[in-house]
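Shared between the two complexes below is chain A, which has chain B as its partner in the first and chain C in the second.
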Partner chain A sequence: MPASNHVLVVGHGPAAHRLVERVRHHGHRGPVTALGAEPRPAYNRVLLTSLLGGTLTAEDLKLPDPPDGVRVRTGVTATAVDRARRLVHTDTGETHPYDHLVLATGARPRIPHLPGLLTADGGLTEGATALRTLADCERLADGPVVVLGAGVLGTETTLALLRAGRDVTLVHPGPHPMDDRLDDMAGALLADHLRSRGAHLRLRRAAAEYRPGKLALDDREILRADALVLCTGVEPETALARRAGLAVRTGVVVDRHLRTNDPRVHAIGDCAEFDGEAPGLVTTTWEQAETLARILSGEEAHHRADRPVVRLKAPGIDLACLGPPDPPGATRHVTLSDPARGRYARLALSGERILGGVLIGLPRATAAVGQLYERGLPVPSDRLGLLLGTAATERPASVELPDEAVLCHCNHVTKGDLLRAWRAGARDLPGVAVATRATTGCGGCADDVRLVLASATGGNSDP
Partner chain B sequence: MPDTAASTSVATHCPYCALQCGTRLGHDSGGTVVEPSDFPVNDGRLCQKGWTAPALLDVRDRLRHPLVRDAVGRLVPVDWDTALDTVAEKLWRIRDEHGPDALAVFGGGGLTNEKAYLLGKFARLALKTSQIDYNGRFCMSSAAVAGAVAFGLDRGLPFPVGDLGGAEAILLAGANPAETMPPLMQHLEKADCIVVDPRRTKTAERAALHLQPVPGTDLALALGLLHIAVSDGWCDKEYVQERTTGFDAAWRRAVTWWPERVERVTGVPVAEQRAAVRMLGEARRAYVLTGRGAEQHSKGADTAAAFINLALALGLPGVAGSGYGCLTGQGNGQGGREHGQKADQLPGYRMITDSAARAHVAQVWGADPDTLPGPGRSAYELLDALGTDGGPRALLVFGSNPAVSAPNAAHVCDRLASLDLLVVADFVPSDTARMADVVLPVAQWAEEEGTMTNLEGRVLRRRRLHPPPDGVRTDLEVLHGLAVRLGEPADRYPTSPRQVFEELRRASRSGRADYSGISYDRLDAGETLHWPCPETPGGEPHPGTPRLFLDRFAHPDGRARFAEVDHRDPAETTDADHPLYATTGRVLAHYQSGAQTRRVTELHEAAPEPFVEIHPDTAERAGLREGEPARITSARGTAVARVRLVGSMRTDTVFVPFHYPGPGRANLITSTALDPRSRMPEFKVCAVRIEPGTDAS
Partner chain C sequence: MTRTPRTLVVVGHGMVGHRLVEHLRAHDRHGTWRVVVLAEEPRPAYNRVALSSYLEGKSAADITLADHEFLSDPLVDLRTAAPATGIDRRARTVTTADGTVTHYDALVLATGSRPFVPPVPGHDLPGCFVYRTFDDLDAIRAAAREGRPGVVVGGGLLGLEAADALRLLGVRPHVVELAPRLMPLQLDEGGARVLARLVGDLGLRVHCKTAVQAVRARADGRACGVTLTDGSTLDAELVVFSAGVRPRDELAGPAGLATGERGGFLVGDRCRTEDPRIWAVGECAAVRGRTYGLVAPGYRMAELVADQLLGRPGTRFAEPDTSAKLKLLGVDVASFGDAHAETEGALEYVLRDDTAGTYAKVVLGPDGRVLLGGVLAGDASAYRTLRALVGRELTTPPDRLLSGAGLGGPPPRAREPAAA
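The block that comes next holds the complex of A and B.
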C-alpha cells in the first residue's frame, strides 16, 4: 500500500456507502472522502417502494453512519476530474485530491420523449416524477397515480401504491408487465395479480401527452394522473467520466479489478460496465464494493459476473426471473402450469444445471431454485417435488411399518416391542409405557402407539 | 441429606443434559433402578439416556485404580500416593522450568458447582496459572456473551421451563429438543413452534413451521425476521422505547436484509419468513429460544444477539409469559460457567479483570489479589497451544473428553500427545484418558453429593445413592491431594461438597450469579431456588429469582441493549474441492463425546456407529448407497461414517453426529475458526466432499 493512500469516492449511494465501510473493515488506514450529490446521508435506495407502500418511513431507510475517519460531504456534486493532477472539482468550488478515485455515480432515470413532460427549463412538469431518490418519493402528489412502465420498478411501485390505498393505473407498451423477462404465461399471471390488487392496466399502450393532472394515451384515452411516476428505465450516470476522457460505453468500462482505463480510477455500482453489463441489482453493486474495498486495502481480489436473480419485492406474490428469458444452450425445459391457482414455473436446463427460468406463485420453489441457479448446483431428481415445494418424504401410517421400525425415538421402542408388550398383556397407553417406556420421553409418539394398540386389538382379539 | 450407604433410594437428577430431569434412584433386587420424579422440568418423563443411566454405575471398564504410564508406555495400576506424587512432582518441575502458565487445566460443563468452583481455585492458587478453560466454551458461550451484553446478565432461561407451556408461539433457532432434551417437549405442546434448522429434525417434523436455512446463514435469517417485524408492523414500539436502547443502530443493519435478499442467502422462502414473524407477532405469549445450531459458529455471539434483537423488537424479554432464552446443553452448563473454571472469570460470574471482583474473591480465598493470575486462553486456543513454544506443557483434564469433542480433533490429539504431562480424571477410560500419562479414577454422579444448576438457573441437589467403588476418589479429594502436594494449606481445599458450597456461597456473594442465600439445608427442605438468591442477614430468606428482568434488565439504566450486528459468510464456504456443507450435531441415544453413553448397552444398540445423513440425489452423484461407508473430507481431515439417505436433507448439506471415537470422529473435519467474542469454534458448518469409503477404514 502506498504511503499516501487517499481514497476519494464520487457518489454516496448504496455502492459508495458499502465501499467506505468495507475499506475500513479491511484495514485501509488512509484518508477516505465521499462526495454525495444528494443533500442527505446515505439511505437504502432499494427499499423506496416500502416507503411508497407505507411500511417503512424515510427515517427507517437510513444506513449506518460512516466509520471513523471517513469524511462524507453531502449536497456536493463533482463537476470535473483532473486526472493529471489527481484532483476532483465540485460545484461548490471545492477541490479534492486523490490517490485512488472511485466513481460511484449510480444511474439516472431515463426520461421518455413525451410531449408536455418537460418544462421550458428542462425540469419535469408538475405532478411528474421519476423514482430514484427519497426526494422523488416525497414529491409524489396525492390523488390518482399513473405509473409509466411495467418493468420491475414499475410493477413494485404499482403494488406498493396499491398497498397504500392509492388508485393506480399502470401503462406499459408491452403485451404484459415485465415482458422483457417473462413469457406470456408468467406475464398473464402477473397481470392477473396486479388486477386482483386493484391496478388498472393499460397494456400495449403508450403515453402520448402529459398535462398536469392528465395523461393522454396513444389510443386517445385520457387518464386522470394527479401524479405521474416514470418507471421507464435508468441509464448509467457517466457524464463526469466522459468529460474526464475515461472509456465509456453504456457505463464506465471497468476490468475485473473494477479499474477504468486509468489505473488510478475505479468505478462500481450502477455507473460501471463490467463484461458488457451494468449491475442493476444492489446485491451485485455490494459485491463490487466489497471486492474494491479489498483491492484498495492491498488484498488480491477480483470481480466475477454473478448469476443474478430478479426477485420482485412485494408481499403476496412470489416472482423470480433467473437469467435471460431464453437462454442459449438449453437442452430441456421443465414446466409447471397451474394458472387457476396462479402458479407457473418454466426452467431451462442443460443437463442437471439451471440456465434460466421464471417462477410465479411458488414460494418454496422460488427459494430453492433461486439458490440452485445462483450457485450452479444440480437440480434434484424429483423435479415436481422441487417445483411444488412438497416435503420429500412423508411417513406412512405406523400400522404399515415393519416390526423393527422405531416408533418411540426417545426410548428407542420399536413397533415389535409394542406388539410384544401387547401380547404380554399391556392393553393401554400407561400399561405399554410401563412395559416399554414408550411415550415417557417427549410424548410425541402417543398417537402412533395408540394406533398400534388399536390395530393389534382389532386384528387379533385373543393372541 | 446424610451420607449413608444404607439409603435404599434418593431423590436426585439425571447425570446428563441441562434439563437435569428429576429422578428417584434406588436399589432393588435386580440392581440399581431409576424412576422419573414429578420435578417440574420433566414431570414424570425421561428419555432413554435417563432410563438407562443406572447402567453407568456398573460399566464394564470402570476405572478402579490410578494408572501411570510406565517406561515402555503402558498404563499400569499404581496406588493413589504414587499417582498423586508423580503428578505433583512433574507439575513442580515443569513450573520451575517454564513458569506457572506452563500448567493448564481443562474442565467440564458436567462438573458439579462444587467441583467447578474448586477447580478454578486450584488452578489460580495451587498451580498459579491463568491457563484454565473448559468445554462449556464449546457449548453455550456464544449465547452467554450475547445475553450478558443484551440483558446485563446471562442465565440460559431467565424463567422456569414450565412457563413455556403457556406460550402460543415459540421460535426454536438451532435447537432440536425432541432428540436432545425429549422431556422438554411436553412444555412445547400447546405452542405453535417455528423451528430453524438446516435439517428436518424430529423437532422440525412436529413444528407448525420449519425454516430450513443453508448452514451458516442463521444470522441473515434473524436480521431478516427483524426487518419483517418492523416493516410488517409487529414491532412493539412502546416496549422498544421504554425498555431498550440501541434499536436504531441494530435496525440500520437489519434494514438491508429485506426478505427477498434473505431468501437468496438462506434459502428460506419469503412467505415462510413472513409467516414466522406473524405467528410470533400475533401470539399473546411468545418465546425466542436459541440452541447450539445458531450458536456454534464463528459469528455465534452475533447470531444469538440477532435473535435477541428480534425478541426485543417483538417486546418479549422481561415480560411475564414471554421471553428469550438459550437452551443450555451440558448437565451443569449453567453452573459450570458461573464459578470460575472459565479463562476470564471468577466465582459468582465475575470478570477476572475486574479489580473489585479479584479483591472479593481473593479475600474469600485468603489470598493476595495481586497474586491471582489474569485471563488465560480460551478452550480451543488452549488446546491448540499445548506443547508449543510458550504454551502449556502439562494439562489436567476433569470431566471432559477433548480428543473427541474439540474441533479439528486430529490436531488436538497431536497437541495432547506433545505434552510433557497429561493427567485425566474420569470414571471410564475415555478417548482422552487413553492418551494420558496419569489417569485418576474418580467418583461419578450417584456416588457423591453436590449441586447442579440447570438450564433455568435453578440450583439442584445431586445426591449420593451409594459410595464409590474401592480405589476411586472424588474430584474434590483429587484436588485436595494435589494441592497439598503443591504446598497449599490443606484447609483451602475441603473435600466435603457441603463445605465447598458454603465457601462458594461467600465467593459468589453480590456477584452476578449470587448463590449466597442458597444452602444445602434449604435445597434439602425442598425449596425451589433460582439464582440470584442473595443472603439476607437477619431478614426473611430470599426466595430466589425464578423470573428475571420483569421490572428491569440488569444494566445500570435497567434497559436491554439491541446489538448492532450484520451477517457474513462462515469462515469456510464451498468450492470445487469441497462442494458440500457439513454440519455436526447430536443423536438421542448419546451425550456429548459418548464416553458415557457408548458404554451403556441399550444406548449403544440404539445408535451403534457414526453415520452421515445425505440427500439421495447427492449420494447418487457421489456414488454412495444406503448403509455403505463414506469418507467425509474437509481441509483438515477425513471422518468415516455409514451412509443414511434422508430425503428431507438439503442437497447441499450433510450431517454427521459427533459422539463417536476414532476415525468416525466428526470433529476430524470441523473448523477451528473462532467467534471473536465468545471464542466458540465453528462446529456447525465446514466445507467438505464425500466419497465412498471402505469398511476396513
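The block that comes next holds the complex of A and C.
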C-alpha cells in the first residue's frame, strides 16, 4: 500500500456511502473524497417506495453523515478520468487526484421505446417519470397513475401508491407480476394480492403510445395516466468507465478484488459486473462495499458471487425470492401451498442445498430459509416444519444466527448491530429503530428484531 | 331354539354380494337365515379387482372368492347363470330368467354396474369390447394379435389396467382420456405427470383432453380404428371401452323402487330402500343419491346390511375411504383420502424428486398437522402407512414418512397384493 492513499469515490449513492463509512471503520487513514452528482447528501434509495406510500418522509431516508475526514462534494458530476495522471475531471471544472479510484456510479433507468415518451430534446414527456431518485418521486404528478413494468420495483411502487390512496394500473408484458422470479403459482398469488389492494392489472400487455394524460396499450385500450411511472429496469451507468478505456460489458468488469483492468480503479454496486452478473441488488452492493473497504484498508478480502434473497418491500405481503424460478441443477422440489391463508413456498434443491425458491406469507420461514440459502447450508430433514415454522428441534430462530447476519435488509442492520444497540440501552423496538434504523424500512423484520431483543433481555438479566 | 330359517335372496354374486353372504353366514350362529344367491354369470363370485391377473396367466380358480366351505354350505343356495328378471314386492318374490320364482323374507340387490359405452358411431362393431368379466377377457384374448394397435377409451384406474392387459397380450395400446390427465379422479397434475411418464415407458401411448368420436370399420365390418374429436385418427384392431360404469338398476322401475338422480337403487344411510324388506349394496346402490365405484365402500355396505339382518348393533354408512392404488407392473401410483385438498382450509405439501422420478403430496388440515389425504406417484411404498394415518395428527414429519418411501433412501419395492 502506498504511503499516500487517497481514495476517490465517484458517486454518492448507497454503495459509495457504505464504502466511505466502512473504509474508516476498517482503519483507513488517508484522505477520502466522494463526488455525488445529485445535489443532496446520500439517502437510502431502497426506501423510495416507502416515501411514495407515505410511511416515510424524505428526511427519514437520509443516511448518516459521513465519518470525519471524508469529504463529500454534492452536485458534481465526474466527466473524465485521466488514468495516466490519476486525476478525475468534473463538470464544475474541478480536478481530483486519486491513489485509488472507486466507481460507484450506480445504474440509470432503462427508458423503453415508446412513441410519445420522449420530447424533441430527448427528455421525458410531461407526466412520465422513472423512479430512481428523490427528484423522480417529487416529480410524480397527481391523478390516476400507470406503472409500466411489474418487476420488484414496479410491484413495490404499485403497492406503495395504492397505500397512498392513488388509483393505479400496472401494465406488464409477462403472464404475472415478477415473472422473472416467480413461478406461476406464486405469481398468481401476488397478482391476487395486488388486486385485493385495488390495483388494476393489465398483464400480457405492452404500452403502444403515450400522450400526456393517456397511455394506449397494444390492444388499443386507452388508460388514463396523469402520471406514468417507468419501472422497466435499469442499466449500469458505465459512460465514464467507457470513456476512460476501462473494460465494460453490461457493467464495469471487476475481478474478485473488485478491481477493473486498471489496478488503481475499482467499481462496486449497480455499475459493477462480476462473474458476468450485474444484479442491481442492494444486498450485493452492501457486500461489495464492505469487501472493498477491507481491501482499501489493507486487509485480505475478496468478493464472492453471493446468493441474494430478493424481498418485496411492502407491508401486508411477505414475499421473498431466492434465485431464479427454475434453477438449473435442481432435482428436488418442495412445495407448500395454503391458498386459504395466502401462503406458498417452493424450494428447489440439489441434494439438501437450496438452489432457489419463493416464499409468500411465511415470514418466519423466510428468515430461516433465507439464511440457509445465503450461507449455502443444508436444509433440515423436516422441511415442512421449516416452512411452517413448527420444526420442534430445528427451530431456526434468528437468535441462533451469527452476529453478521443481516436482519433489517432495508437498512442493512445486522444482529450484531442490534445487540450493540441493546448493550447501549435500547430495550424496545422504537429504541433500536432510533439507534440502528432497523424496522424503519418495509417493517418486515420487526418480528426478528423483537426475537433478538427478547433473547438478549432473557439471556442477560442485567447485572 | 330351532325355527325354520327365513329366506334372504341376494340378487347378484359379485364381490359385494359375496361379502354380504360371507359376513352373514359367519355371524349367524343359529342359522336364522337361508340364503339364495342369484348369479348372472355362469360362475361364482371372483375377485374382479384382480381380473387382469387372469391375463397374466392366473386361472379362473386362482381368483374365485367362493371356497369349498361356501359352496358346500347347506344354508347357501347359489344359483349361477340365473339372472333376476323381476321383483314382485307384494308377493315378495323374485323371478329369474328361466322362470323360477323364489320367495323372500328379505331381499338384497347387489347387481353391480355395467361398463358405460359412449353411444358413438361404431361402438358396437365387432372388435369393440368392454373390460368387466371373464367372458369379456376371453373375447379380448381371442381378438388380440401380437404387435397390432389397440385403443382403450378411458384413462382412469380401470382403463389403465385394461391397457396394461392389452400390452401383456402383445397389443400396442393407445389410451384416450377426455380429462387433461390420467386418473383424473384420483390424481393431481403432478402425480398424473409421473404416471404418464411411467406408462409411456411401458409402451402405452396416452392421448388426453380428447375423446373418441367414432369407431371406423373395415370393409368386412370389423373395427379398424377410431376418429378422435380433435380430428386425428388412430389405427386399432381392438377398441376397449373403459369410460366409467353405470349402476344396474333396471329391476327398479317395474318393481316401483326409486332410483337416484344418476341411477342406482335409492337407499338411505343404512342401505335400505323405501321397502323395509329390500336393501341395495355395492355399485348398484345410490346411498342418499350417491353411487360408489370402488369395492371398499361396497364391502362396508355389505357388512352393515348383514348386521341389520342379524339384528346386530347397526351402523350407518359413513363417508367412505376412496383410496386407490393402481396395480400395474412397475407403475406405483396411489391416492388416498382428500387427494384434491377439497377440505376447507386444507394445505398441500408436495415433494418431487426428478432424479428418482417420484412425486408425493400430502394434504393436511388447516393446522398443518392432521393428515387428510394425498397422492403418491413413482413410489407408493408409503401408501399403507399414510392411508392408515388419514384423519390423525401426524407425530412424525411427513418428510420422514415419505423418505422411507424412497424420497430420500432407496425405494423398497413391495408389490401390493391384489385387493383394494
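Note that the second predicted complex is superposed on the first by the 389 of 463 C-alpha atoms of A that agree within 3 Å, B and C clash if a C-alpha of one lies under 4 Å from a C-alpha of the other, contacts with A are read in each partner's own complex, and residues count from 1 in each chain.
We adopt the following convention: a residue touches a chain if its C-beta (ideal position, glycine included) is under 8 Å from a C-beta of that chain, and two chains touch if they have at least 3 such contacts.
If you're wondering where the values come from, they're calculated on a predicted model, not measured in any experiment.
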Which superposed partner A:R383 touches (first chain B, second chain C, both, neither):
second
Between chain B and chain C, more residues of chain A are touched by B
Touch test for A:H89: chain B only (first), chain C only (second), both, or neither?
neither
When the two structures are overlaid on chain A, which partner does A:R197 contact: first (chain B), second (chain C), both, or neither?
neither
Between chain B and chain C, whom does A:Q371 touch in the aligned arrangement: first, second, both, or neither?
first
Who does A:L61 touch here: chain B (first), chain C (second), both, or neither?
first
In the superposed arrangement, does A:R40 touch chain B (first), chain C (second), both or neither?
neither
In the overlaid three-chain picture, which partner chain does A:V334 touch, first (chain B) or second (chain C), both, or neither?
second
So in the superposed three-chain picture, is A:D318 touching just chain B, just chain C, both, or none of them (first/second/both/neither)?
first
Once the complexes are superposed, what residues of chain A are shared between the chain B interface and the chain C interface?
381-382, 391
Chain A touches which residues of chain C in the complex?
344-355, 366, 368, 397-400, 403
Can you name the residues of chain A that touch chain B in the complex?
44, 46-47, 50, 55-56, 60-64, 283, 309, 311-313, 315, 318, 363-364, 366-368, 370-371, 374-375, 377-378, 380-382, 389, 391-393, 409-412, 437, 440-444
So in the complex, the part of chain A that touches chain C is made up of which residues?
330-338, 340-341, 343, 381-385, 388, 390-391
For the chain B and chain A complex, residues of the former touching the latter:
36, 44-48, 51, 177-179, 182-186, 189, 200, 202, 206, 214, 230-233, 249, 251-253, 255-256, 258-261, 263-264, 267-272, 274, 564, 574, 588-589, 602, 605-606, 615-617, 620-621, 646-648, 651-652
